[in-house]
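In the part that follows, the structures are each spelled out as structure tokens.
Heads up, the next two complexes both have subunit A, just with different partners, subunit B and then subunit C.
Right after this comes the complex of A and B.
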């Protein structure tokens, strides 16, 4: 049972906070990804938990016990480093057995546990090679085995897949998720790749400028971002600056003269808000005469159409001169003309609009 | 067993691909375009080198096999007598042994003193690095005569620092004309070479390796012994060989600090050639010194190629 509890964690370099009052809890057996750009504080967070950085204030607790007074080598937290940090002068077997040897584990037990771990990551045949003789993916698996052989209850991952090509990454990601579920360790996984963050996570912690800006399940983060920057971090989106007007005593949205109706509640006296719409929630329709005044239907001209096989990403220039992004799945497009220059209608379903402050 | 395997087949399949392409890259990288006129700019320096170095060296090489018939007189009878004398006469053997011990001792001492300095230089805060760099580099810009004179003052029996070296010092002369004194002065003179060599290696060592070791439960000392030191061993060897080769041919410091008691190869060559005018014997010793330097160089080159982190 290992809950990882981070409370008010702050790290300042001079006056500049690299980590600013971050609080969240990773429950036992949960995999939480920390998503952010470089400089968002996600690496500082991970290094503070590991003990490589001493936070200015705040606490890191495991099952209620603070880690901060424990030296690095007594925290019992596994880490898979971004560059793997394999010892170049040791073989794969020696690398994986390092932590056990340091713990003075008996020779036969050490051998048995190392063998089992190598078997698990499919590297038994490479046991006597040096890290430099392995491919990137194999090195990554050695790093994973080296962390897991110590049976840590918490494992930290510092962008472990970032140096691998995309195809390999997908496979390793699924393998890791499966392994984590089966072994049941609690995991904190730092990444700047939003696809990776969402695909792996039970919950995603989004970081920006040293702060935790949103924490929740991937679906929630993707569909209900708490702020414009979170929306932008998680894939393509339309962020439409709208004026808040009033009609029949209820607030309504107006996007450059185009009325929009949304299910999401609109703050009454906000003046200006941002309407957030994912491109895949928009629908391309045949153009309709005089649509300009109809709420949620935009008429415009296709200015670019990028074909991706399963879908196309279409940029439509609306009548008011603003671009709008539509991701259209191909079975839904059947016989529509979406070639560049074509006039199309874009319907915005009212439930697809989220209002951001 | 199969249920315990966690990697999907597609993952396994793909992991082999980079290894193959890596080999491919290695081969094409080895190809080099020939540059037919690259040697042209080297012509002046080559000419100078020929006149200044190769020619005199050839003269020395020939002289070493000739016979001395009194001071400044050489007969052209070819002989191995000069080498026989140096390698069998107890006086010269002792001198050779002393040269070796001094050079080796200096190398060991500079490692012990230089490693912590190089470490601080590579891993310290930036102001500390600047201070250390200045302190380490300044001796290099000072003449070794001046540096040795400095030690002569400090090694005087009346000198306050002698209290720290009490048991090592001589009653009459202090640390002057003693092996410990000679070692200290030599180590000081050659320390920059060791520090700079080690610094290059330590600086290139990825600190996350040490983090990884600590993270897996090793203490600082164990991390140093199992990870840091083995990975910088190449630098330690390289530095030792560099210091050894320089120390064994050093002249000024042994001359000034060692005096007449502590004759070494370089001072003996000087004495034989300039004062006793026994040029054939001096030449034989010079060739021997050259051979030692060449051997050290050879070992240096082959070691730095093989040891991780030492290249």
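Right after this comes the complex of A and C.
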């Protein structure tokens, strides 16, 4: 079985590091998503593991054995490409069978394995078509079958769903996750889509400017981001710049005159910190007179309210002129009517505040 | 492609196209027409109707010899050009290759240098090198002249091809060489053949290069036509030219198809 171990992986172009001392381990049978903007180094990471890029330093090991001295075609790693990279001059069957053909697998065995793989991705009926005659989703499944037919212990995914529409993506994502659990291969999945990254992953590796900035389960990444940029990458958030004061020998937060109480420990003598709060953790309340002095309750005016059915995204302009984003869940039984212009109170539960440096 | 045109454009468009067609096609009509005249001089519309000029051409061994010479040197020249152009295109189509612009310009240079200067330069060089059989020098010069056309089509085809294809093949266990032979080249072969056809036609049609480089004992078809015209203009020339037009049309229909439309046949 196969652990994928990445240690100190660095790739420099000139002096600019595209990949800067990245270290993490993907355990056997685990699916890890690598999340980051373009230019974050996530593609460089994947291509270094695949062997398309020679890293400047560091190592990639599978079960303790370094891959770096192995040529691409001897690494035994399956790859599913962003634009599928299906061979246009070959049929679906020939595409899926190519790896077996290269390995000189006997004809009858090759046919049997290709058939089984096509059945698994529900493309048996399309075996004799050319890739150009398939839809995007079908092409994507051919690409998956072509990689999986070789039964690789490690499979790399390079944004394989990014050219597909949202509905199709959700379905394929669930199918892939099921397949990966059943076959038990170790997977590294690169994406810039935070929903995809969280929904698929056992663990998420967040990349930024060539560095691994956080590595952990999706819940941890979402709720306890290590830095402001990670928070921003994983959906909407309120990032409030607060002054750190002191009251009764304990550090307290003050956001533009508004005192905030948090469960999260506040570093003493920090001067300024960022309080991070997810919009869905905020609660809209009726306005209270003289609330400005009350900790964790902000009074303000609703400046926009976008209704999405299951929830509304509400922007409240606080008394100090700063906007606060609130996601209010709806259920059909008790619906709040929050209209633009209304005065409301926004309560920040103290356990919802995370302190970022 | 769908062209949506506004009303005045919709009226002008067919007129312009028709005018272009007339200018392109009418010389050919005149040329082919004069080949059938019974007079001993060129005239259009032809007076009378005879195939004797064609039979005369086909029976005259000097025409056959010239045509064969042209075929051989054009084939040899364009194949030799491929030997240079394909590897060059393979390298130049890759991104981030050092000095690729300079090399591309050098390969394209034969198109930019005036033909007569090119030939004079080649002639002077050959004199120094003492290149014995003129045919070899001729093939070499034609190869230099047609390399840009093959290189250009191959660079275009290879840089349009998804680099992921080669990578995918290698990730499935193929060596780089195998990936190229089985995956990359089959997907650019149509472009190659259209480039090759273009190079072949250009080499076949070339007048100046063989006129200067090949001795009188090795006439090519264009040289033979040129010499006949200089000596005496007879409908024989029209007959030869008509045959060439037919050959060119046949070659063009089979070889010079747009690879992009041919590939995505549903």
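Here, the second predicted complex is superposed on the first by the 350 of 357 C-alpha atoms of A that agree within 3 Å, B and C clash if a C-alpha of one lies under 4 Å from a C-alpha of the other, contacts with A are read in each partner's own complex, and residues count from 1 in each chain.
Basically, a contact is a pair of C-beta atoms (placed from the backbone, for glycine too) under 8 Å apart; a residue touches a chain by one contact, two chains touch by 3 or more.
Here the structure is a predicted model, which means the values were calculated and not measured.
Colleague: Sticking to the clash and touch definitions up top, decide whether subunit B and subunit C on subunit A clash or fit.
Modeller: Superposition check on subunit A flags a clash between subunit B and subunit C.
Colleague: Considering only the touch criterion stated at the top, classify A:179 as touching first (subunit B), second (subunit C), both, or neither.
Modeller: A:179 contacts subunit B only, not subunit C.
Colleague: Regarding the shared-chain residue A:52, is it in contact with subunit B (first), subunit C (second), both, or neither?
Modeller: both
Colleague: Considering only the touch criterion stated at the top, classify A:106 as touching first (subunit B), second (subunit C), both, or neither.
Modeller: Neither partner.
Colleague: Mind working out whether A:136 is in touch with subunit B, subunit C, both or neither, as first, second, both or neither?
Modeller: In the superposed model, A:136 contacts subunit B only, not subunit C.
Colleague: Taking the superposition on A as described, I'd like to know which of subunit B and subunit C A:98 touches: first, second, both or neither.
Modeller: In the superposed model, A:98 contacts both subunit B and subunit C.
Colleague: Find the residues of subunit A that appear in the contact set with subunit B and again in the contact set with subunit C.
Modeller: 50, 52, 72-75, 77-79, 81, 83, 85, 87-89, 98-99, 102-103, 146, 150
Colleague: Under the touch definition given earlier, write down the residues of subunit A that touch subunit B in their complex.
Modeller: Within the complex, subunit A touches subunit B at residues 50-52, 72-79, 81, 83, 85, 87-89, 98-99, 102-103, 119-122, 134-138, 141, 146, 150, 167-168, 171-172, 174-175, 178-179, 182.
Colleague: Hey, which residues of subunit A end up touching subunit C in the complex?
Modeller: Against subunit C, subunit A makes touches at 50, 52, 71-75, 77-79, 81-89, 98-99, 102-103, 132-133, 146-147, 150.
Colleague: For subunit B, which residues are in contact with subunit A within the complex?
Modeller: Counting only subunit B, the residues touching subunit A are 1, 4-8, 10-12, 14-19, 22, 206, 208-209, 211-219, 222, 226-227, 230-231, 308-309.
Colleague: For a test of understanding, state which residues of subunit C touch subunit A in their complex under the given definition.
Modeller: Interface residues on the subunit C side: 162, 164-165, 167-176, 178, 183, 186-187, 263-264, 266.
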